[in-house]
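Alright, structures below, take your time with them.
Shared between the two complexes below is subunit A, which pairs with subunit B and subunit C, respectively.
Entry: the complex of A and B
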């Protein structure tokens, strides 16, 4: 894991002092509310429906036990005893008081954390693959690059007042677990003729105008990444629309100019720059790399007689291991996903007690490391297969052992009308009611991989556009109405879901989801044909028929 | 309008001219008047909107002692890129940010190549000069390289090792 040095510590401490000063100047009337708003947003502080919300950055989703315990402490001391892990690998606290926020920020700084640029029209927290340093096929750990980008994007003097927010994801694998193509810029670490560099994608995004990113450059040499990003951002900053906030994301600029014209401008800018002056020195990249040395895991037997025995003895453990573990590049290890989607819970929520339990287990069984996933779960990346039963027992009994990773109840949902000032409909209760309907683990396993994603408004924080089944809650003349989309995909085969037709009422949604799933189960050619594969084969027609024919 | 730079409040030496050019001295003219003004012997500055393509100014650099970039609102950050680009293209004269920016942007402006800020009176009345000067000591270094007048943390890490 990356550790702060004296410079990082000083930077974060100065930023915390700056925020205290901004609060003081707001209260003294030097800053108007309109002027203060972007400043507090760039420190992670939102005004929600009922209260302030503080969003804390978890760079590329990686954190250690000490940090997780501090988040638990913050949840108990300054919030209502829980936090919400987000689709951008961050955590947000829903009930802090404004007067406490500077103290919370100081508490974060104690454990090398901050809330910088988790909101506002600036470059947001850089996200990455939760299976970094685990996935067998990765070119290199993408967090080396993500950390470089985190530093470069922190308080960048040129790019802190952009037209709109700007999200960057980095992956080191062909198999994409970062929703790379739904980001303003997606950076993929690739190897060409033995040289490591980057494929750069641009102009993806969700919101009211969802778009899949296009390729900007197939290969940027490693040492030129930062100047290349500066060129891409500068063209956006100068030419992106400012007349309409809904058309201000880079995806609209790329769409309106066309990718070729945008690329031409970026390349011209890049060619005219003093690239060496901007690029990170090679020794700095190596310094960061040293923090991401893979843990020294000694190879172990891939088969564990103990675990095989326990699987036979405890069928629920067998189900959990089947669903919630991911192969590790070192034989004898796996990455284990701790589901934050218990039946009836709010997706992504964790209590302080749960955070401490996960932190303890990570310390014992996963080299003191955790990853937040964009699906709002927690991964323990380096678990010896022999330890899995002990880990599983540690997760049991406090709502952390759901064997549902990637299944129908592993739902992404935004906070929705329960918290959010922008929401037009509830999200969390919809997720809860669907999960309750499909609570049976065997039924979930029989349905197979199926991602439901729910947004409570058109801004699409719940990623509904790329859900295999997407649900969008709208307000139709004062009544919640839910639009359903099918066939979305957030991975390397990214696709936007297609609308089934007219929306459904809040009460109808679980039944509608069941109809869609029953239709799939009827038409799939064999049990291994997934929902997404079946949908791609048949198209919308059979689903539409099942949903609307009776009416 | 109040003018300030990193030393505090300063006098405005650039009379803005929108119609008749003076016979001698200095004039800050809109971009549309620049070609005409160049025929005079005046010392010239030019006032540009933040929608301008900075490349259009390059050929005038030798004749311009000052460029004033408009910031129509503090949240409209196009001017930061314009400033940085003008410096990268080799502009050595005075660079002014003109508009209702806030003191929290002062260091960013300086780092993007600006020398001074021209504030509307109402903004200046709310944000005393002390706020602006205090900003200079708040965030003492940054991560980016190739930024005006500031070393980068990335280099500081390696200096003296």
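Entry: the complex of A and C
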């Protein structure tokens, strides 16, 4: 894992001290709210529906046990005993008091964390693949590149006041687990003729105008990535429409100029700039790379007689292994997904106690490492197959053993109207009621892979556009109304969902989801044809008929 | 035609705590039922001004009007968003292990 060097420590400590002074001046009345608001936002502090909310960056979703325990301590000492892991691989605390925030920021700095650039029109936390350094087909660990981008983009003087926020994701695999094509820029580590470089995608995004990213360059040599990104952002920033925030994201620019014209301008900028001055020095890249040396895992037998016995003895454990583990590039190991979607829970929430137990289990069984996923779960990346039963028992003791990864109850949901000042409808209770309806594990397994994603407003933090079933909560004359989309896909075969038709009331949603799923079960050609495959084969018609014909 | 005036209360967030508060005759309270209800546009403007003064005095931030219905004389927010906000908590049991 990356560790701060002296520069990083100094930078974060200075910012913490600066913000402490700003809070002091605000509380003393020397700064007005109008003066203070942009300052607090630059430090990740929002004012939400009920209270302040602090969004803490988890770079590329990677956390160590010491950091997770500190988050648990913060939740207990200064919040209400829990935190919310987000679709941006961050964590949010929902109830901090302004007077305590400087202490929270100091506590974060102690474990090399901060809340800088988690808000505002700047380059946000760079996200990455939760199976980095695990996935067998990975070209290289994408976090080396993500860390490089983190350093380049932190307080970048030219890109601190962009027209709008800017989100970058990096993957090292062809199989995409980062929603790469739904980012302002998506960087894919690729290999061409033996040389490692990057494929760069641009102009993806969700929100009120969802778009799938287009390819900007099929290959950027490794040492030219930062200059290339700088050229791409510079062209965007210079065009930057600061008159209309709904047209200010890069996806609108790329759409309006056309990818070819945008590319031409980027290439012209790239050709004329001093690339060497911008590129990271080779020794710095090597310093970063050294932190991401894969853990020294000695190969083990990929079959464990102990685990096979326990699977026969404990069918729930067998189901959990089947759903929640992912093959590791080193034989004898897997990555295990800790589902933060227990039936009846709030998607992505974890109590301080749960955080501590996950941290302890990661320390014992996963080389002290965890990953937050954009699907709002936690991955323990390096678990020996022999240890899986002990890990599973540890998780089941705190209600985190749901065998539902990728299934119908593994729902993404934004905080919605229960927390968010922008929301137009509730999302978490909708997720809970759907999950309760499909709680039976055998039924979930029979339905197979199915992603439901719920947003409580058009800003789409809950990724509804790319849910196999997407749910968007709106306000219709003071009443919550939910639009349903089908066929969305966040992966390398990205697609935007298509609306079924008129929306449904809050109370109707679980029944509507059941109708959609029953329709799928009736029309699938065989049990292995997934919901998405079936939808792509049949299109909207049978679903539409099932939902609306009777009315 | 101008929209008919609807009774309203003034809400804001407490500067230090961040929590939702309502303007009452005794200052700010988390309890919406204690809020002063503006029954005329003139009263609402008067309360707005009071809210703004407390912003200047660094007591609260971001005050605004919330339309209310009167239930036995006590104000209840009309919109669901404001009902959730006035309740001071999400509509489900939050922060517990499921």
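Definition applied: the second predicted complex is superposed on the first by the 539 of 551 C-alpha atoms of A that agree within 3 Å, B and C clash if a C-alpha of one lies under 4 Å from a C-alpha of the other, contacts with A are read in each partner's own complex, and residues count from 1 in each chain.
We adopt the following convention: a residue touches a chain if its C-beta (ideal position, glycine included) is under 8 Å from a C-beta of that chain, and two chains touch if they have at least 3 such contacts.
Only a predicted model underlies this, so the values are computations on that prediction, with no experimental measurement involved.
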item: Touched partner set for A:244, first subunit B, second subunit C, both or neither; value: neither
item: Subunit B versus subunit C as contact partner of A:151, first or second or both or neither; value: first
item: First, second, both or neither for A:15, with subunit B first and subunit C second; value: first
item: First (subunit B), second (subunit C), both or neither touched by A:293; value: neither
item: Partner chain(s) touched by A:29 [first = subunit B, second = subunit C, both, neither]; value: both
item: Which of subunit B and subunit C A:354 touches, first, second, both or neither; value: second
item: Which of subunit B and subunit C A:283 touches, first, second, both or neither; value: first
item: Touching both subunit B and subunit C, residues of subunit A; value: 29
item: Contact footprint of subunit B on subunit A as seen in their complex; value: 5, 7-8, 10-11, 14-15, 17-18, 21-22, 25, 29-32, 35, 38-39, 121, 151-152, 154-163, 226, 234, 237-238, 242, 272-274, 277-281, 283-284, 287
item: Residue ranges of subunit B in contact with subunit A within the complex; value: 74-78, 80-82, 84-85, 88-89, 102-105, 107-109, 111-112, 126-128, 131, 134, 138-147, 153-158
item: Subunit A-facing residues of subunit C, complex; value: 13, 15-20, 55, 57-58, 61-62, 78-81, 84-85, 88-92, 94-98
item: Residues on subunit A engaged by subunit C in the complex (per definition of touch); value: 26-27, 29, 33, 47, 49-52, 80-82, 95-99, 342-346, 349, 351, 353-354, 398-399, 417-419, 423-424, 426, 428-429, 432, 475, 478-480
